[in-house]
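Shared chain: subunit A. Partners: subunit B in the first complex, subunit C in the second.
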Partner chain A sequence: MFNIEWTGEYIAFIVFSAVIISGAVFMINFTKVVHMVVSLAAVFIGIAGMFVLLNAEFLAFVQVLVYAGAVSILMIFGIMMTKHKESETESKRGLHSLLVGIGAVALFGILFYAIRQTEFPQEQPLQAVEDNTLEIGKLLFTGYVVPFEIISVLLTVAFIGSIVLAKKEANE
Partner chain B sequence: MGAWLDESLTWGNALIFFLWGVILLTIVLGFVTYAIYFERKVIGWMQLRIGPNRVGPLGLLQTVADIFKLLIKEDTIPRKADRVLFILAPALAYVPAFAVLAVIPYTQDLYFADINVGLLYYVALSGISTIAIVIGGWASNNKYALLGGMRSAAQMISYEVPLVISVVGVVMMTGSLNLRLIGEHQGNWFWEWNFLPQIIGFVVFIIAAVSELNRTPFDLPEAESELVAGYHVEYSGFRFAFFMLTEYVYVYAIAALTTVLFLGGWHPPAPFLDFVPGIVWFLLKFSCIVFFLFWLRATMPRIRVDQLMGFGWKVLLPLAILNVFITALYLELFIKG
Partner chain C sequence: MLSSYLMVAAILFCIGLYGALVKKNAVIVLLSIELMLNAVNLNLVAFSKYGVVPSLTGQIFTLFTIAVAAAEVAVGIAILIALFRARGTVNVDEYDEMRR
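So, the complex of A and B:
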């Protein structure tokens, strides 16, 4: 069942998985908001590591740049700017957490069973290109240029909208 | 040494990687030690002082003594500080600073990692240090530290945008994000280096880079005279040393990056000077940029917070975007034509 070859890739996979899972668990369990953001940043970096393992370097470092860098800092910044409760305490509900625990274990069981049962089709040997960043750029500006432009417009609209909303509040 | 990365990971190869890491770390520590010494000397001369001259011949051991002092100092953590984050922040600041050095090529053959998104790797990782600075400022539980951390976050995010867009022109001219290819693409005459065709990009890059380094005239996050010391005011001993080390490692990284991107890397300024090895040219250009940073510190006053933001968003960003447009037009009309 577990005939695994201990390559560097596999060890890296284990390390990144540990980072992602423990970061996610800590994110939920911490009570201080800043601690949560830091563990979230760890999850983002772990996911970037996974992308590197999948030969998607461009995606990986954009992930680090946008999520681990900018989004995390903006979150921390927002937390610092707004004065709110530094930590939150939850009321303990015994039966509730027991039921949730059973549900989570059941979900894991179903997923694990389904994954083990599935016959994966023999994977096509992917044409590994020399410079996949170049290929992404070519695809974005030839085949996918319309979706790309639409997303740009959408982002600009969201951007202008947030400025309008912020302006309105500032005037009042 | 990049060829080793393609081989399978054996214990022998792991040992080789580890040793190269140690060698680079030693070089960087040596650089930091003497960069601080020269910074104090140069600024001393510019201000008609002598600078450090007591410890060792010509004061050469001054920094060593300072570092030794920092290491044996009492390590204090404020009682109301957030202990875990307070301890984590200096390490979190240093790790990306050292990690970005992996992609910098020194000559045609002397480089560590040859990845095709080298430039993006540099920019992405250097953003992580900002988190560490903000966290350090927050965890200290001190209003000056928090102010410094906030200023730092605002400034570094604002200037990262023009910094990234200003190098897009270079990337377009080369057609690759790989730093080694960008270096290779420039020619053996100095007008074939990127800084002349990309003069707008070069100027924007230098200004944004100085700002990213938190150095004068953009040293608002530290601002000794108004914020005491900014985000690291509560740090002492080796934790403080780590923050300082991070800053100087980034000086190293930015100087090397500027050399590769704009100043032709290891290429000589004229083909008949080809007999001098490439690494010498690299080090010369590198030293010039480091000197330029020290010079700037001795010359410029600090700018105001409101001027800082306006300058970043209203001047540098439009200029950087303009540069991208001009480069695109030029390439479309004259090169592809």
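So, the complex of A and C:
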């Protein structure tokens, strides 16, 4: 089971998965909300590294721009706009947390069992194309042009909707 | 190699699920949902390289997921700010009009 050869990809995979999992666990355990957002940014950057390992360079950049940049900053703005007491009070619902923990571990057990049992066919992995961004652009503007347009409409609607929702009512 | 990526994604998804159900701060609940979405993205990209039919389609799907997730975060934060204005709290336990 452990007779793996230590290729560069495997070492990089170990490093990135350590970053991802420790960031996620720290996010659960930190008490200050801003620290949680910072450790989540570490998780996002680790996932961007995983995307580079999987020959998805364009997605890695999108991940850094959208998640590590925009989403983290948006969350920090959300924390800033809603004054809270800096640190989260300790949850008093012990039984609830315990049950949720058991449920999450059980789900992981099921997923673990399923992944170990499945026979993945040893096909040839996708060869790294010379220009990942070029290929994605070609595909996006030929086969997937309708979803692309729909997603632009969705983004516009979400943009206007969030402005309307968060706008302060004048007569209050 | 595929199963290793799937395992990391499964761990990430379960941590996100735990955080979304246990945490009381609404901002952290939104962050945990982002964690779960990222686990799904990792799965999609892993299958696009090592799956039965390797192709770039998985990466296109991930692009769409990222766009939808960004829209979701924007709307979620807007709703959160509106709720905070109305109720003066971000504790999800106190948003319980619907079951009273």
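Here is the rule we go by: the second predicted complex is superposed on the first by the 142 of 172 C-alpha atoms of A that agree within 3 Å, B and C clash if a C-alpha of one lies under 4 Å from a C-alpha of the other, contacts with A are read in each partner's own complex, and residues count from 1 in each chain.
Here, a residue touches a chain if its C-beta (ideal position, glycine included) is under 8 Å from a C-beta of that chain, and two chains touch if they have at least 3 such contacts.
Computed from a prediction, not measured in an experiment: that's the story for all the values here.
Enquirer: Check the residue A:V100 against both partner chains and state whether it touches subunit B (first), subunit C (second), both, or neither.
Expert: Only subunit C is touched by A:V100; subunit B is not.
Enquirer: Would you sort A:A70 into first (subunit B), second (subunit C), both or neither based on which partner it touches?
Expert: In the superposed model, A:A70 contacts both subunit B and subunit C.
Enquirer: Determine, under the contact definition given at the top, whether A:T82 touches first (subunit B), second (subunit C), both, or neither.
Expert: In the superposed model, A:T82 contacts subunit C only, not subunit B.
Enquirer: In this superposed model, does subunit C or subunit B come into contact with more residues of subunit A?
Expert: Touching more of subunit A: C.
Enquirer: Thinking of the overlay built on chain A, is A:T142 touched by subunit B (first), by subunit C (second), by both, or by neither?
Expert: In the superposition, A:T142 contacts neither subunit B nor subunit C.
Enquirer: Would you sort A:Q117 into first (subunit B), second (subunit C), both or neither based on which partner it touches?
Expert: The answer is neither, since A:Q117 touches no partner chain.
Enquirer: Which partner does A:V62 reach: the first (subunit B), the second (subunit C), both, or neither?
Expert: A:V62 contacts both subunit B and subunit C.
Enquirer: Counting contacts the way the document defines them, which residues of subunit A are shared by the two interfaces, the one with subunit B and the one with subunit C?
Expert: 58, 62, 70, 74, 77, 81, 132
Enquirer: Subunit B touches which residues of subunit A in the complex?
Expert: 7-8, 32, 34-35, 38, 41, 45, 57-58, 61-62, 64-65, 68-70, 72-74, 76-77, 80-81, 131-134
Enquirer: Per the contact definition, I'd like the list of subunit B residues that touch subunit A in the complex.
Expert: 8-9, 82, 84-85, 88, 115-117, 120-121, 123-125, 127-128, 130-131, 134-135, 138, 146, 149-150, 153-154, 157, 160, 175-177
Enquirer: Given the complex with subunit A, which residues does subunit C contribute to the contact?
Expert: Residues in contact with subunit A: 1-8, 10-19, 21-25, 27-28, 30-32, 34-35, 38, 41-42, 45-46, 48-57, 59-60, 62-64, 66-75, 77-82, 84-85, 90.
Enquirer: Could you pull out which subunit A residues touch subunit C in their complex?
Expert: Residues 9-10, 13, 17, 20-21, 24-25, 27-28, 33, 36-37, 40, 43-44, 47, 50-51, 54-56, 58-59, 62-63, 66-67, 70-71, 74-75, 77-79, 81-82, 84, 88-89, 91, 96-97, 100-101, 103-105, 107-108, 111-112, 115-116, 118, 120-121, 123-126, 129, 132, 135-136, 139-140, 144, 147, 151, 154-155, 158-159, 161-163, 165-166, 168.
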